[in-house]
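Below, chain A partners chain B and then partners chain C, in two separate complexes.
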Partner chain A sequence: MHFVIQREQFVHSVQHVNKAVSSRTTIPILTGIKIDTSSEGVTLTGSDSDISIESFIPKTDEENEYVDIKETGSIVLQARFFADIVKKLPGDEIEISVQDQFATTLRSGSVVFNLNGLDPEEYPRLPKLEENQTFSLPQNLLKDMIRQTVFAVSTQETRPVLTGVNFENDKEQLTCTATDSHRLAMRTVATETDNDELSISNVVIPGKSLSELRQILEDTNDHVQIVVTDSQVLFKFKHLLFFSRLLDGKYPVTNNMIPEQSKTTMELSTKDLLHSLERALLLSKEAKNNVINFKTLEGSVIEINSVSAEVGKVTEKITCQSLEGEDLRISFNGKNIIDALKVIDSEFVHITFTGAMSPFVIRPGDHNQMLHLFSPVRTY
Partner chain B sequence: MNGHDWNGKIIFHVDMNSFYASVESNHDPSLAGKPLAIAGNPKQRKGIVVTASYEAREYGVKTTMPVWQALKKCPNLIIRPPDFTKYRAASAELFHFLEEYTDLVEPVSIDEGYMDVTSNFKKRNVLHMAEEIQNRLYKELGLPSSIGIAPGKFLAKMASDMKKPLGITVLRKRELSQKLWPLPVEDMHGIGMKTADKLKQWDIYTIGDLAAYSVDSLKGRFGVMGKKLYERANGIDYRIVDPEAAKEVKSVGSSTTMSADVNQKQELLNVISMLSEKVEARLKHKQVCSDNFQITIRYSDRKTITRSRKLLNPIFTKEEIKTQAVELLERYWNGESVRLLGITGLEVIPIADAYKQLDLFSYKKDIKEAKLSATMSQLTNKYGNHILKKGHNHTDS
Partner chain C sequence: MDWNEMQVQQPTVMNMLKRSIEKDRLAHAYIFEGMRGAGKKAVAMLMAQSLYCPYKQDAAPCGSCSECRRVEHGNHPDVMLLEPEGASIKKAQVEALQKELTYKGMETEVKIYIVNDADKMTASAANSLLKFLEEPESPTLALLLTENVHFMLDTIISRSQKISFAPPELERRIEMFEAQGSSKTAAALLAKLPDDVGGNYTGENSDWIVQGRALVIQLVEEVHHRPQQMLLTLQEKWLTHFKDREELDIGLDLLLFWYRDLLTVKYGQQNLAYPDLTERLEQQVILMSETEVAKRLQLILDAKRRLRANVNAQLLMEHLLLRLQEGS
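Now for the complex of A and B:
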């Protein structure tokens, strides 16, 4: 194998595939990045067996020539070193050539690195997926969906299926749900598909995969194709494939968890509430429980307070746009509410309470594509 | 007092007078000088007085008195519900203040503590220092207090009780026969009604009777505690003032040594059930819970392991404690013969400060459970059981 490649393109691709590489893998070859060259261009692959990323750099596109391929072939190089090395090489181009015994030479400017490579034949092949269940979304929309749900996944392995985000569709409506059983985030979007029989349910993508994917997604309307099978999901970009394993197990039914009635409802400024909770959390963080007390007062006013036995207490009043229904006193984990408010892009939020010990719902004021559900904390 | 030829210790016991009532009137100056009572549930006439201001006491209002009775004694009595957040903040301020004088401050409860001022004694007159502390507590923090000064913790505690409010009492060892020994034995700190009754059966009516009794008989009847009581009555008390002591009361547990080494799992599980019950009772008695439970396993070769696990929510029922202990046992017991088993709740927190994060999938269970316990506490409120116990604990605050 022997080729010369534009450094910037190459670094960009290496960084993408490197996101999938884990130093803690049980399969030694997966600590490396695989490089394949064909007559069309260079393909890079990284994987930790849960996530696999394949990035392709074409020989040329409409405008530029990226790679000069002198000889096709494959090599696997230790990701830990290789990713750092290519980032720090000085020249605009990098020349890579493989000799006997996988000995690899990197040249850039006046720098020469000689690296010991690994046998590319040992590298596992990426799955070939059946493309029956396919739909597409604009990259920026998918990025938003991930941002608005993934923070709510569980970090506990006690119920593994909750460490992922559940994808489900009803015709062209796609719903993503994440919950750690104390809070739940749900986001709905319209999808585009040619397949009338698109049926996605119990597709649970690990939160970690989505967090990595989010870093690859760009703020553009360009679509990404999504292919779903029983055990894998594939996100297809123009020059990049992102595979993730799906989580086993049945995701709990969450639709019926959203309360339909309400006892107390209010609408108030997202920022006012967010900032107030952040202040209150300064003290409850000290108490290590993040508990914030919340109550309704006369005249559309709510009061937020938190207490730390050692430090002191804080009380704050907020005037709501509207406040209706029963008087309420409730305590909750302020950190969870803050997480949700940060991903709500609307100026106002609508909050529906159903009692001091029952779940409550926060929705954006101007659309119904998103909701956040929380269970309160109980005091004794 | 003169510090030059002194080689013992000087201990202060600083005890706030009507602490809750003082704190309330600091927050609301309109209450100052008026008869005020802090009562469990002021709306219900059946609530019980937890603390009364001295103005209220003059009318005969007493701790543990039902509100209706207190109102009969003092018709213009002002009644407030307790606000422990306020009291804890004031308490923290109080101990910070005392630490200005010495690092050796040991909080005993929310409103009393010991100070070891032996090193101050070398430099200045500690009686003047006590006066200064009392004056400043009153002027700067608005807290009236009584201070007992003695060569040990027990005598200092007894001394601070001798003159209230705003008293300073020095209790020297050579004064025990006049000042301490004539007191009835139930006035002795550490002796409850039950112990007092038992002592009376032995014709021990005063602290002096106790001090003169045979230490061996006391030890025979009451064990280690008997010996301690005897020593205290004689002014012997080597306990040091330990600033960390309050923090150390952080675990509550129970353990048992088997009559024979056990290697049958079912038998160990039975022991765990029994221990869980005991731990539940002890947690309940101290009004605390824990989110971190530990088991101790001592094998027959004396090798001992402790394993613990942190939980999301604090627990206090025997069922929950048992579940945790069984999981730890199943995970860490190596199958060999066990000599001792123990369960301990670490880093306990007062139930009043405990929170439980409800679960979206199972919160309905908690609603049911809360309704049940609300009914239960209404019942205890009605009969004053729970509050009575509390009132007795801080007899005179």
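Now for the complex of A and C:
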């Protein structure tokens, strides 16, 4: 393998794929970054086996020539050193050539680095893509979806499948669900696909991978293509591929958990509720169970209070926009509600209760594409 | 290590695994049980290769394709190897494995995990393993390797298929110890020691056994030719070298091997524990009859037994040496 590449482009790509490389891997080859050159350009791959990032630098685009490929081939180089080295090289161009025994020479300006490479044959293969299970979303929308669901995934390993976000589609709608069995966050969006037979179900992407993906997603309208395979999911950007392994196991059916009727409904300002819960939590945090009591009063007023045996108690009244239905007294984990309110971007939220012992739902006031479900806490 | 080589060393095991692989009837978990050097890990690797190798013949993997090479070098993403960190396999290690298993395989359907020295799992680690050993979310193959199957939880044993490996032949054990950095003379001795003992004195620790060996040779010489010095040597060197009960037990073993060699030399057999000292052994054995040698062997065995009954080490050794000298 032998090529000369524009440094700036290369550094950018190396930094991208380096995000996927973990220093604490048990598989020795994964400490490296794989470099592949073909006649079209240079591909870099980094992986920690859970996620893999592939970055492509084309030989040329409309304006510039980035790579001059003299000989095709591949090599794996130690990521820890390689990433730092390319960042610190002085010249505008980097020349990389591989000799026998995977010995690699990096030249830039008057600097020469000789690195010991690893056998590229040993590097894990990324899945072959079948393009039929494909749909696309704008980047900023996907980013929002992740933000609005991923906080609700379980952090406990007792039910591993709950540590991921479940993706499921129904006709043109894509639904993301995350739950830790005490709360559930669900977000639906319309997707664009050319394939009428697209059917995605039980695609559970680890929460950790999604958080990582969120860092890469940009706030633009550009579309990202999503390809689902049996064992991995791929997010396809212009010159970047992000692979994540899927979680194994059956995701619980969540649709029938959501109550259809309601006994008490109310609408109130998101900010008011959020701030008041944060204040109430100051005390119940001390008691470590985050329990907050909530009750309806006369005339569209609700009362929020929390008690900590050692510290004291706090009471606050909020006036709702509207309040209908039966009187209610309920307790819940305030921390979970705060998490959800933080990702609801609407000014008002709509809350529907079905009694003190059954789960309740919070929806944004202005659209119907998001839903948060919570189970109450028994306090007696 | 290739399949055919193992086939020669462990015919029973290999035939059985071969049939299971060919008929696609592998169990979900196996315990490979056998002495150090019996080839458990090599067989585990071969199993993994056999499952992934696209060019295998019957059950034997080719050993040269990229799948086989990646398994061998620990670079295959779907083969996980757990080894003791320090003295034991900790719960955190098993939990990390469990987490890894909740993901779908990176490239393949079946994931394989190999637990080396599975008896060294802490109780809580073993119990964590138990959780996913029996009911994995997806197809997995567990290979638990152990030298002491009885130290493993009954619940784990009952959920796995146990395969016993035949102990390796003496020559192979000698080769193995040599490969681990012991000298030729030390390796011959180590190979004769019980498995769990010999393994502790390889490589860097082999000095101890080499010195112990020199002491045995000196002491035997003195017992038979300069008896006035033997108690001095015992006091100054022997007891400072073989300090505690376990070490003294090994010392007595080394002594025992000497007398056994005497008997072996008399009958012109091979496989000596002191192969480089054949001449000296021959000289000594001329002066003794078989019964006399046998009697001394009995004396050492008696001493070993008494050692276990908490007899004072110095008294025990003095008593033994005097009687060895008298030959009665």
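Please note the rule applied: the second predicted complex is superposed on the first by the 301 of 380 C-alpha atoms of A that agree within 3 Å, B and C clash if a C-alpha of one lies under 4 Å from a C-alpha of the other, contacts with A are read in each partner's own complex, and residues count from 1 in each chain.
Here, a contact is a pair of C-beta atoms (placed from the backbone, for glycine too) under 8 Å apart; a residue touches a chain by one contact, two chains touch by 3 or more.
Note that the structure is predicted; figures quoted are calculated from it, not measured.
In the superposed model, A:Gly91 lies in contact with neither chain B nor chain C.
When the shared chain is aligned, chain C comes close enough to touch A:Ile29, but chain B does not. Legend: residue contacts after superposition of the two complexes on their common chain; A:Lys313 is shown touching chain B, with no touch to chain C. In the superposed pair of complexes, A:Ser49 makes contact with chain C only, with no contact to chain B. Of the two partner chains placed by the overlay, only chain C lies in contact with A:Leu246; chain B stays clear of it.
Judged by the touch definition given at the top, the superposed model places A:Gly109 against neither chain B nor chain C. Within the superposed three-chain model, A:Leu184 lies in touch with chain B and out of touch with chain C [touch as defined at top]. On the chain B side of its complex with chain A, the touching residues are 85, 88-89, 92, 289, 351-361, 363, 366-367, 370. Only residues 179, 181-184, 252, 257, 289, 291, 307, 309-310, 312-313, 331, 333, 357-359, 373, 375-380 of chain A touch chain B when the two sit together in their complex. Put simply, chain C touches chain A in their complex at residues 66, 69-70, 73-77, 80-81, 95, 98-99, 101-107, 137-138.
Chain A makes touch with chain C in their complex at residues 26-30, 49-50, 119, 121-125, 127, 157, 160-161, 163, 206, 230-232, 245-249.
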